[in-house]
Amino acid sequence: MMKIFRVVKRGYYISYAILENNMVIRLDEDPVKALIRYSENKEVLGDKVVGLDYESLLKNFKVNDVRITKPLDPLEVWGSGISYEMARERYSEENVARILGKTIYETVYDAVRPEIFFKATSNRCVGHGEAIAVRSDSEWTLPEPELAVVLDSNGKILGYTIMDDVSARDLEAENPLYLPQSKIYAGCCAFGPFIVTPDEVKNPYNLDIKLRILREGKVFYEGSVNTSKMRRKIEEQIEYLIRDNPIPDGTILTTGTAIVPGRDKGLKHGDIVEISISNLGTLITPVIKLERKK
Amino acid sequence: MMKIFRVVKRGYYISYAILENNMVIRLDEDPVKALIRYSENKEVLGDKVVGLDYESLLKNFKVNDVRITKPLDPLEVWGSGISYEMARERYSEENVARILGKTIYETVYDAVRPEIFFKATSNRCVGHGEAIAVRSDSEWTLPEPELAVVLDSNGKILGYTIMDDVSARDLEAENPLYLPQSKIYAGCCAFGPFIVTPDEVKNPYNLDIKLRILREGKVFYEGSVNTSKMRRKIEEQIEYLIRDNPIPDGTILTTGTAIVPGRDKGLKHGDIVEISISNLGTLITPVIKLERKK
Amino acid sequence: MMKIFRVVKRGYYISYAILENNMVIRLDEDPVKALIRYSENKEVLGDKVVGLDYESLLKNFKVNDVRITKPLDPLEVWGSGISYEMARERYSEENVARILGKTIYETVYDAVRPEIFFKATSNRCVGHGEAIAVRSDSEWTLPEPELAVVLDSNGKILGYTIMDDVSARDLEAENPLYLPQSKIYAGCCAFGPFIVTPDEVKNPYNLDIKLRILREGKVFYEGSVNTSKMRRKIEEQIEYLIRDNPIPDGTILTTGTAIVPGRDKGLKHGDIVEISISNLGTLITPVIKLERKK
Amino acid sequence: MMKIFRVVKRGYYISYAILENNMVIRLDEDPVKALIRYSENKEVLGDKVVGLDYESLLKNFKVNDVRITKPLDPLEVWGSGISYEMARERYSEENVARILGKTIYETVYDAVRPEIFFKATSNRCVGHGEAIAVRSDSEWTLPEPELAVVLDSNGKILGYTIMDDVSARDLEAENPLYLPQSKIYAGCCAFGPFIVTPDEVKNPYNLDIKLRILREGKVFYEGSVNTSKMRRKIEEQIEYLIRDNPIPDGTILTTGTAIVPGRDKGLKHGDIVEISISNLGTLITPVIKLERKK
């Protein structure tokens, strides 16, 4: 049982793990290496620290000398989509592309091969308390609260985390060929606050995912789903991700959303997005609207 | 006027530039930095070398102690698509996804916003003489011979090169949501043999692109196009690529294909692909078929 | 008040500081940088750790997974000599080089300019529990228990430590031109276990230095001195060290010995040397005799 | 036959080798690695360059965009002394330290064990055209023109070079315990312009060493010696250098001087020192007088 998190302190990144009985250790090595060691049943070494009030850091995430950040720096973040029936349906309400009468989402939902897409590089991702973004040219951007897995280069699951696969839904809806533009941009992705090892998650198919969007301090949207509704299993997604496709250790795969706020629920500058998943904690991020550089 | 190339020699990467009158210099610095200096009208420093028979290296590209390789290591390679009318039409012959009756390719061709997609990271790319790949699960993979640009982080064009945006066309045709899988995998991308500075290319909209596929030593397919047929201009593609999307110096953008061999022209293990573009040379790559790891 | 020490754990070096009330923190940065910050009255940041039984590490210093080592890696270690009257006399008993009738030690003791010599590079130094060495060609090697200072590049004192300036006294006695051979070799220098900040040392001229040599478990030699007997002050030594001579941050200067066991007290393979200095702890090192490579 | 030199160009260090028939190549790797490869009879790879006017660089060594510098960066420079009879005598004229009636120089000259001393680290050394220094507190500093060898970590001779072991003779004469202060300081050491491989030197014991000091454009001092006069052989010096003393690849050992200008020939700010050795070229360095920082 291990939860990894990381802080940035006077420019230094420092990684910690929470072990059983809430014991906190400061890791002796890179978080990805620690996850790999843990997955090999080797002892993860580090110092037991006290007085590190990470719960307060989780709450008071305004930028200061010491603050929580991304628990690791993934070279690659990938996504999978339409893994839940709700996604199939919700996306299909819209006037989207169709193949022989069925929407592309219905088609992929029923097909053997899942949707797999390149989502982000580390510099486009943020952590707990850091701002996700709405593209300057999007009028309708939604959070996509998802269960994500951290993988080694063989596709083995090293840990779980909460991911917000922020998406410019208007771009995507206009044409599936705009999917990369709707998905990949500065601030398109948040994950954290922890990476949690598989033994602590136990059954990934029985986790509650909850989304709240706060506007001016009030709940503007609320939704939830249980991962038991996931039809496209994670192993299957991983199988296609790594097929003929070499990924580095620490790659993150996010497994698709089933909470899809409507057209009138697009994010605005100043909103706060809160995503909770059972055993994984709560990921809170403010929202900014990007401005076009002139 | 400068053409940059790179060799790998006893494990060391060494970068060269060909200047006017075929003078070859060994660059004093990283090729991307040299391109940036050149773009700022600063002198590119390096030693004049003689006896480096790069023409012979271009011809005899079998793996040995000294061989040509990728002229640089791009952190990110992006693509644009349907920038030529031929692409619009050819792709639309197929039974592809449609939006309100028009294919997604026709739709994007007529739209203001271009298609922009993430194509590759450096480790998935090969250089002149190195093998491109057909996915283990694709029966119909085609080369896409394209003019590509090397950009700085502001989107300024530092140079031009030949790109082969190898694509698993069967995956893409099945569902546009499979586009990343058809585009991104080990050996999905070849570029080189040179990066050529803009003053040597002069008019990028009047270049001949020629493709030949050789099978068992004979020409199996041949096609050509002139970049004057490009409708979606490069500047426009760049504008959308960098909108809200930070890219690193040395990013490559490939500008779309107009040569689309048919269903019966899919690449096979052992084929040779040759792509020539006026002023940019000829990029030759053998083809391998990936095997599924068991 | 800060004492810095360092352990090596699974190949990783980890630095700690002991603050007031025995609070142990794991340093966020390099120990030299931490010392510099401390000297500038800036807060030294690090995590409060518990359960790190450094007292047990100090006692059980056999090589294992986690053990104490040199508290930092000095690029340069310098020495000063004949700073105590005892040294002047003791050295002068021998049949050593003379200038106009006075021994070179008497001469330097009375002169304005101190003796300053290059002592070691980090790879020739060991830490607490690690082995110091007797040269293969020395029959009379002695420990020289000394107070040492850690300096920044301006000569400012960042901290104090115990130093054993191990010396092949027979080589030195034979000819002063052999001094570098008597002083510089593999295992010629031990320091630690801590670097202690000046405020904790208070008066460097009132510290007890104690030396014990243990042979086969018994005390073979014992001696002590108080630094109040130091005639050549540390500031004076530093002034000459840095005169026209650029030193890097973290350079160590050892300030000379006043405990000089006799001809019959030379170190042997298997001996244990223990040096204690008030406020600085105890540095314990086994002794090995080097063998000539054939 | 190989001569290595290095230039600094826009902040980049670039290493070259001159092979037979004056062919110049730009080395593919670090000069020390190239010397090691050469010593193992492996081919040293590099590009043949033309138009690199190193003879002009040797002559016009004023600081500019491209200039000659130290041919490599030794982590450690060591010296040996009193290896020539002239040194024994000349040094002994002075009122120096004596052991049982004989000067320490006479004593070491007649002894089995040579004098070996730590001379410098790379940052205290300069190359061709760069300034050597006179200490602020020395009134009598002399150049010591010497044959030096570049060693691998086993003491194998990789190459030869000219070394100027600049020494504050007044400090040394005052007391042998001041030797390190007379020998080690900023600008105490010049070497170059080349490292020359052993096959090109052939017999190191038949080389002419010439020294000229120029003052205000005129020859102020001139002297010469042939290395046939060296009594303490290089192999013997190396044997003692590496005895129990680990040295890094690329360490330089300078083998002692036999040209000793007198008391009235001390270097002054503005002087030029020229040292030539058969087959090794000419090392020219201006002289500066250091000023005491207040």
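By letter and in written order, the chains are A, B, C and D; residue numbering begins at 1 in each of them.
Simple rule for what comes next: a residue touches a chain if its C-beta (ideal position, glycine included) is under 8 Å from a C-beta of that chain, and two chains touch if they have at least 3 such contacts.
Chain by chain, the UniProt names read as follows: A, B, C, D = Fumarylacetoacetate hydrolase family protein.
Computed from a predicted structure; not experimentally measured.
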**Fill in**
Of all chains, the one whose CA centroid lies most distant from that of chain C is B
**Message:** Between chain C and chain D, what distance separates the C-alpha centroids? Give it in angstrom.
**Reply:** 32
**Prompt:** Between chain B and chain C, what is the separation of their C-alpha centroids in Å?
**Reply:** 61
**Message:** For chain B versus chain D, what separation do you get between their C-alpha means, in angstrom?
**Reply:** 53
**Prompt:** Classify the inter-chain contact topology: is it line, ring, star, complete, or other?
**Reply:** ring
**Request:** Sort out which chains touch which and give me every pair.
**Result:** A-B, A-C, B-D, C-D
**Message:** Which stretch or stretches of chain C touch chain D in the complex?
**Reply:** 75-76, 81-82, 95-100, 104-105, 107-108, 111, 113, 115-118, 121, 123-124, 133, 135-137, 171, 174-181, 184-186, 240, 243-246, 290, 292
**Complete:** Counting only contacts in the complex, chain C reaches chain A at residues 9-10, 12, 14, 26, 28-29, 45, 47-52
